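Labels run A, B, C and D following the written order; every chain starts at residue 1.
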Amino acid sequence: MSELPEIVKIIKITQENPCVKTFFFDKRIQAKPGQFVMAWIPGLDEKPFSLSYVGKETGITVEEKGKFTKRLFQMKEGDKIGIRGPYGNSFGLKANACVVAGGCGIAPLSTLIENLKNPFVILGARSKDRLIFEKRFPNAKITTDDGSFGEKGFVTDVLKNVLRDRKSEVIYTCGPEVMMKKVFEICESHKIGCQASLERYMKCGFGVCGQCEVNGFRVCKEGPVFSSESLREMKGFGGFARLKSGERVSVSEYIQWRCA
Amino acid sequence: METKLCGIKLKNPTVLASGILGTSKSLLARVIGNGAGAVTIKSISFEAREGHKNPTVIAFEGGMMNAVGYSNFGVAGALKEFVNLNELEAPIFASVIGTEAEDFVKVVEGLKGLDFAAIEIPLSCPHTPGFGTLAGQDTPEKTFEITKAVVKKTKKPVFIKLSPNTKNIGEVAKAAEKAGASAITAVNTMGPGMVINIEAKKPVLDFKVGGVSGPALKPVAVRCVYDVYESVKIPIIGAGGVLTGKDAVEMMMAGATAVGIGSGIYYRGIDIFREVCSEISEWVEKNGYKNLKELVGVAHE
Amino acid sequence: METKLCGIKLKNPTVLASGILGTSKSLLARVIGNGAGAVTIKSISFEAREGHKNPTVIAFEGGMMNAVGYSNFGVAGALKEFVNLNELEAPIFASVIGTEAEDFVKVVEGLKGLDFAAIEIPLSCPHTPGFGTLAGQDTPEKTFEITKAVVKKTKKPVFIKLSPNTKNIGEVAKAAEKAGASAITAVNTMGPGMVINIEAKKPVLDFKVGGVSGPALKPVAVRCVYDVYESVKIPIIGAGGVLTGKDAVEMMMAGATAVGIGSGIYYRGIDIFREVCSEISEWVEKNGYKNLKELVGVAHE
Amino acid sequence: MSELPEIVKIIKITQENPCVKTFFFDKRIQAKPGQFVMAWIPGLDEKPFSLSYVGKETGITVEEKGKFTKRLFQMKEGDKIGIRGPYGNSFGLKANACVVAGGCGIAPLSTLIENLKNPFVILGARSKDRLIFEKRFPNAKITTDDGSFGEKGFVTDVLKNVLRDRKSEVIYTCGPEVMMKKVFEICESHKIGCQASLERYMKCGFGVCGQCEVNGFRVCKEGPVFSSESLREMKGFGGFARLKSGERVSVSEYIQWRCA
């Protein structure tokens, strides 16, 4: 057993929108939908990213936010980074599913969608130029906050409508935590199971350091995907997250820090 | 399986080692729920610390290596996080770090109101400038000074945690005992070590070097416990590569009253505590021992 | 693959470490026949020594452990055994031990007539009373004294072999360099460690403790080589847990010009030298290096 | 990989003759004919012994010689010792074999004999009361130096006679090295393959310490069984052995030291 980064070559980079790129690697990774890897830029830092492509191609889809993603965005095909993993649990596959993705949250949901039979996919973004994978999933229902593409409004508005017409047994979601929290609340009121993929700052990625803890759950190990039973117990869900020192702050404060 | 450590009753001799999953009360509760006889929080300094950059924790073939760099939320964070610890069903040990003796004292006093059963003082981290071996806290002199200062300010049992890298670990243990320590924790991580990724041509840990734990540490840890047992009368918490009940029995035979488990969580999962305990019972029964006390130090005979 | 070490030409950078199979000329020949670039004899004291009682060498999950205790046939035996070494097709390094500086000198002078290409001086054995770390030979002061005394009496390159257990290995390396050493061998075995057989309730090694080698030692050895490289300008022979070509490359990137292999023989057999060399070549070619020199120390950039 | 003694219980002890006992253990060891184990008496010492029983029963047959065997001889059923191994190579099985055993040398040959088809077995000892396993191998040709049982003379005398009458393709032998050396010389003059099991002082038993070396061969690893090709190269065979310090002495000097 070892957990050491393996150096992989970036063999293709696709620009998904002005702020998001997908990086493809020359290494196959056996992973289940929802699992993530730790990506290492030697000398800089190491961060978790969901696998957005698994199988013939292996890739992560990344939004340019802070120091780490900026350096990643400067990389070209042929450049190398380190990868370890896959880590974490995965989405449990169920029939009659609805998938709600906000922004970059589509990343871990992508390989899930490819493994589901006829899921109803809701893909949201702030505006048209922030959409990701709308061509990869042409059947997805698109929303933008400003109405610049698809339906105007939040993904959660669409979800409510969908649940009125369509029998759904599970809602899978990933995106900003306030969005996921809303999705979960909708699920609860409709008595539908929910599976949400959470994001927390990580160090080890394999369950020993305690950095990613939320109410006794390790996001890197028992998560990142949590179902309703766990989400109900997790006061921290939509509530708090930990900075690098372990200090507990509100999720929104955490997101600001993380992107700095 | 009941074990008494400095007057503290543990339902079994397994103790969560500091720095592993000790970041929150809920995680401590979960570790206790998985069978730990006692748990130690991640080390707390007076001010919050971010620690080193990632990668901070890796596993190589023979063990684990970390340079977390004592990231922690400081006394202020601890006061928020570790409230009402007596709700938990096992004793909780604080872990307190500092650069000078007075820093340790400040933290100990800061945590005074919290329900810790004992205070562990690591003088032995091998990868954090200003602390542990990099600050020379592992000499008998410094150990005596810091222990003395802390013992003066608290009525709780004080455990001094030693480094396997120190030449005369017995001498250091004696200094701690003389200064009033109630127990010795042996040992912290070894080395430090380094793993270089040859494709990247760079050390993997961002701090370049890190303390070695897990299986690679075990034989050295066992020898340290053996040496400490020959040097002092106070009890020993033996840590370093304990993965199985047999490892725990080996530590006890070397002289440990209780055994710390950290890296083992990586190898066997969070319920390693329950598993190790049932393996110990099984072995003890099969070999006709009546209680664990009979095992402690028998390898010295 | 050709490597120059203190002016000595090696056909490749692998060196048989001292104490493993270095008991006879025929065994040295066999190791050379299996691809070693150079070989080191088992350490020689002035008088013959029986060493510790069995068990003296064991392997635990993470590595090997030994307390051979410097058994050797002394200078008289060496003079019979190591005749006409120039018949062998690689350089042979002597390994010389003693308690005081004058003992080392006596052995060096005793072996004068033999065709050794260099003389290695281990100041770092962790399990033999009177020698190495147990005799404090690993301090900068003693290292300087012994090195100086030996260098004065021989024209051959002198390698000083250091302990991974020494706190400031860089300082010790500097002392050796200042005293005239031609190279540093890093490292000897770690710890010591102890393995207790819990059924027998006894340490397995008859001497109770032994030096740890093999995979468990590797990360600490790599860190030591890295530290030594930052401290001195003389070349380094990096040893400790080298099992594969990649391990060898890692050692070189940390700063080693040549790599010692000992315990690896247990894990991969006597032809580990040939295998490691072909793995190094393969890696070097794939990664576009022109020669091994380019690798040495690149992890420091 | 690990090489650590495992504690086993002595479940049966049989007295083979006034100086030789067989100790049976409660552990099955998968071993081939000719392999040995390292037997550990905690606090005392550790020594190599050939497995004389493998399969349903596991045992070693030991002659009381020095400190170690004396302590072993004081042990009773139910007592425990440590065992690691099996180590070393084994006899190569061939048809039309002749087996020449001297004294305790029958130990490693026993399991070989049980694996051969109709071997011709010559079993020698100084005198009647020194014989071992004469009942286990009732078809064996027995010799004693003093003629107190079987044929008077050396095993080598019998061997010469046998080779006159019987086509043999291989001679397996174990016993005092001067005897094995003679057997080998007979084989050479008859152009018959020989496989001899040698004894040297051992430390590691797994090929790293160099203690058991004879002319570049490790007796614990390339041996203890050597065939004619190797024996021819081995000047040390019947010549020298190493004391604990590694000092080279004549085999007879070594045997004296070893039994002290």
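Methods note: a contact is a pair of C-beta atoms (placed from the backbone, for glycine too) under 8 Å apart; a residue touches a chain by one contact, two chains touch by 3 or more.
Note that the coordinates shown come from a computational prediction; the quantities given were computed from them, not determined experimentally.
Asker: If I drop chain C from the contact graph, what connected components are left?
Answerer: A, B | D
Asker: Where the centres are mean C-alpha positions, what is the separation of chain A from chain C, in Å?
Answerer: Chain centroid spacing, chain A to chain C, equals 51 Å.
Asker: So, what's the distance in Å between the C-alpha centres of chain D and chain C?
Answerer: Their C-alpha centroids are separated by 36 Å.
Asker: Between chain A and chain D, what's the gap in Å when you average each chain's C-alpha atoms?
Answerer: About 68 Å, centre to centre.
Asker: Using the touch definition from the top, which residues of chain C touch two or more other chains?
Answerer: Those would be 60-61, 195, 199, 202.
Asker: Are the chains arranged, by touching, as a line, ring, star, complete graph, or other?
Answerer: Topology of the interface graph: linear, an open chain of contacts.
Asker: Pull out all the chain pairs that touch, please.
Answerer: A-B, B-C, C-D
Asker: Name, in rising order, each residue of chain A that touches chain B in their complex.
Answerer: That would be residues 1-7, 38, 40, 42-47, 80, 82, 203-204, 206-211, 213, 215-216, 218, 242-248 of chain A.
Asker: Can you name the residues of chain C that touch chain B in the complex?
Answerer: For chain C paired with chain B, touching residues are 60-63, 65, 133, 165, 167, 190-196, 198-199, 201-203, 208-209, 212, 215-216, 218-220, 222-223, 226, 246, 249-250, 253-254, 283, 287, 298-299, 301.
Asker: Residues of chain B touching chain A in their complex?
Answerer: Residue positions touching the partner: 19-24, 26-27, 29-30, 42, 48-51, 53-61, 64, 66, 68, 71-74, 77, 80-81, 195, 197, 199-202, 204, 206, 262-263, 265-267, 269-270.
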